[in-house]
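The letters A, B and C name the chains in turn, as written, and every chain counts its residues from 1.
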Amino acid sequence: MTTSPTSQTPVPATGRDDPLLSVQDLQVEFSTSAGVVRALDGVSFDVHAGQTVAILGESGSGKSVTAQAIMALLPQPAGSIVGGRILYGDVDLAAAPVRTVRELCATEVAMIFQDPLSSLNPVHRVGAQIAELFIRRRSMPKQAAWAKSLELLKRVGIPDAETRIRDFPHQFSGGQRQRIMIAMAIALEPKLLIGDEPTTALDVTVQQQIMELLADLQAETGMGMVLISHDLGVVAEVADRAAIMYAGRIVESGGIREVYDNPAHPYTQGLLNSIPSNTAAGERLNPIVGSPPNLLALPTGCSFHPRCPFATQLCRDRSPALRHPQGWAPDHTAACHRSEEVLTHG
Amino acid sequence: MTGLPPTLAMQTMQRARRARRGVTARITIPLVVLGLFIFGAIAVPMLYGFDPMRTEVLLRLKAPGTTLPDGAFAIFGTDQVGQDLFAQMMMGARVSLTVGISSLLVAGVFGVVTGLVAGHFGGWVDNVLMRIADVQLAFPSILLAILLSSVLGPSLWNVIVVISITNWVVFARVTRSQVLTLRSREYVEAARTLGASHWHIIFRTLLPGCLAPILVVATVEFGHVVLLEAALSFLGVGVPLGIPSLGSTISNGTAYLGTAWWISTLPGIALAALVLSTGVLGDALRDRFDPKLRSA
Amino acid sequence: MAEIPPLLSVEHLKVTYATRSSVLLRKIGENVAVSDVNFEIRPGETVGLVGESGSGKSTIARTVIGLVPAAGGVIRFEGNDITQLSLRQMKDMRRDMQMVFQDPYASLNPRLTVRDLIAEGWRVHSGIVPRDRWTAEAKELMERVGLNPDYSDRYPHQFSGGQRQRIGIARALALRPKVIICDEAVSALDVSVQAQVLNLLEDLQADLGLSYLFISHDLSVIEHICDRVLVLNKGVVVEDGTAAQLFDNPQHPYTRKLLAAVPVVRPWLKDAP
């Protein structure tokens, strides 16, 4: 059975199977010329089959670093995992040799990135790039691989796939390139798909189509999904759970409706309040005061306290652990000493 | 805390720090070597009272390490006319450094301005300037230098001119390509929207952003320039007779390679050390400005 | 109703990009980026241009400010046609129209201090602020945009994204313009910081009587800050009206499609009875 991370409240079982991916107390540091930066300070979350977890945060929160750490893509030699576990089944990806992780990442865990143009090889035809996966990993003959390639392109919604399969990446639009990247990601039927800001660079109409495609694919294959984004709205229709990150930690986690409707952490509440669509026309917006902290010089105690309207002396002294606020849904946790007041205030 | 054995994390951090130190070593050591050369070039000929015109037939072709009759110690021996080789080498180094730096400055200024103008204005101006550069590059530089030298005649200034003409193109190209990268950056457009004149944009906005790659190119080109001057002097079309240069010293020693090997070899080694240092320094500077190594 | 003459008016604007042959640079073709665009901006008003990529909204902004030449149509500022200006006249016009750019990391010269960045306009246009007053006035501008004036000797990389955008706004204000064009000025900012900068822009408009031409792809931002909005699709205006008209009652199918695609933070509320 799953073992709970030692430093946080155990997450009660929801009646599902073992999680596909269990990140436990992950810590990542970067060595920079200005000092050592603690990019992730004890991040924990689980992803089950068929479930979509959204990791949300602003720049510097550590959300992209989390994805990079899982896939062994941290920039070398600067970044390294200094603690915690990333359990995929029985394998701890944090301690396993890079070769094992890469092997796993080629077959069972797939990732899609923000900028498809830099992730697709510009000198190879798109059909060849997808077919290569089958040729290399499934030892398929070339004909069969191209046939599967065509099938995938149709599945992700590329029009005229028969003719376009021989085109090069630059001949497609941004949205289409993202679809091609999704095709490559799902080709080997991964159990887990990680999307690092997959729709940020796309127009809003295309964004909607891509999110629908991802939701369809998940319903079809039952894979788990981790979606990383800075946009709370984009993931709202697709995600089941949300984890809000700030300064390298998860500050709130729970079912997405629960977190959006009843935020238990002042940062989440502040984010939701500052969105323009949440303010009536003609009124001033309600931003969160101040700016995100410098990871080299984090405030004492809770990293959010300089910007928090609920801050007390306790918040300045002691860093709050993720806990479950009194009286609320069992899987809703927040790292705040005053969650109860935040919930009633919001 | 479970997970990685602590030593693995430590090792990664140590590797990162070592990578940073490696770059610093490659900058400090060449700088030290260059510093020694400069110091030697200035001080040694003066200390030795070097006079290029003097000949001491009795003292000729002495091996390195010989103590001369008048008590002086010839570290590197004497050459075919009795001059102390060490002093002559340092005098030659003085010439190499002077010609090197002057040519670099002339070629650099001319090349950078051309690159800035070509990159900023684009269009036919860019076309014309770059075609001139291409034509120039198509000429083998040594032949061009020999031709110009023979036409202009021997003099220190002419050598500088010749070397500048053969070397300005690389500065122009590097500057132009950097300008092309920068001109679509928003801060250059911002300068335009402020109403800045071409002069302001070229020299106050674009040029500061080009300095890093120009510096890297300059250190590498310094090596080329020094070698070119030595080659020209070796061939007899470089600095005029009477001004010793590492190249001419090597040339003079070719007749004695079997007997007094030190006359050609030691200046050759010195030349190699000088060029190698500037090359390594240029490499290290380029790495230092490389963003990937920056965060290590 | 008294007719306030428009500060800026754009009539039948057409902008094209030429494709040229590689060696002789002869023009061999033409791409129309923007065609037949018309709008006006009155003093104190905010007009929004919204559209997806390739809609031409940024092209219009760049043409109005003079970075890109107009192929057809007329742009009038205070009644004068500015499409046919000489370089010298263009420079004078710069003082009345300024721009805030999208990328807080690329829009500030990394080698200049904040004070020099703000004072660059005064260096170009002598006569607005005497040299000995540059530092004092730059610090005043920093305060006005919410930056600590003690940081005037720092370099851009020492500031966060939101703070850099404030520096960009201070730079635009330095020449005391009447119109500021915001080209996706908040699009690259984090959500919590976006709200701060939008509030700042609104405050400045109220204090200084500025007009804004606000370009964005984010409909919720446009809805919040703009008085009038133009919707662009492939270089053509498909719909225009007040913000309220457009968002409550969109007429054109493209506008409707755009509005339907905007991600809603709590979509489940729509289903609630």
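In the analysis below, a contact is a pair of C-beta atoms (placed from the backbone, for glycine too) under 8 Å apart; a residue touches a chain by one contact, two chains touch by 3 or more.
Keep in mind it's a predicted model, so treat the numbers as computed, not measured.
Ranking every chain by how far its Cα centroid lies from the centroid of chain C, the top place goes to B.
Between B-C and A-C, more contacting C-beta pairs join the chains of A-C.
Chain B has its Cα centroid 51 Å from the Cα centroid of chain A. In terms of their C-alpha centroids, the spacing between chain B and chain C amounts to 48 Å. Per-chain Cα centroids separate chain A from chain C by 33 Å. Touching chain A in their complex are the following residues of chain C: 52-53, 160-163, 190-196, 198-199, 202, 217-221, 223-224, 243-244, 257-258, 261-268. Interface residues of chain A, counted against chain C in their complex, comprise 58-59, 174, 203-205, 207-208, 230-234, 236-237, 257, 260-261, 270-272, 274-279, 281, 284-289, 291-292. Residues 123-124, 127, 185-187, 189-197, 200, 205, 208-209 of chain B are the ones that touch chain C when the two sit in their complex. Those residues of chain C whose C-beta lies close enough to touch chain B in the complex are 23, 25, 65-67, 90-92, 94-95, 98-99, 101-103, 106-111, 120-121, 123-125, 168, 171, 175.
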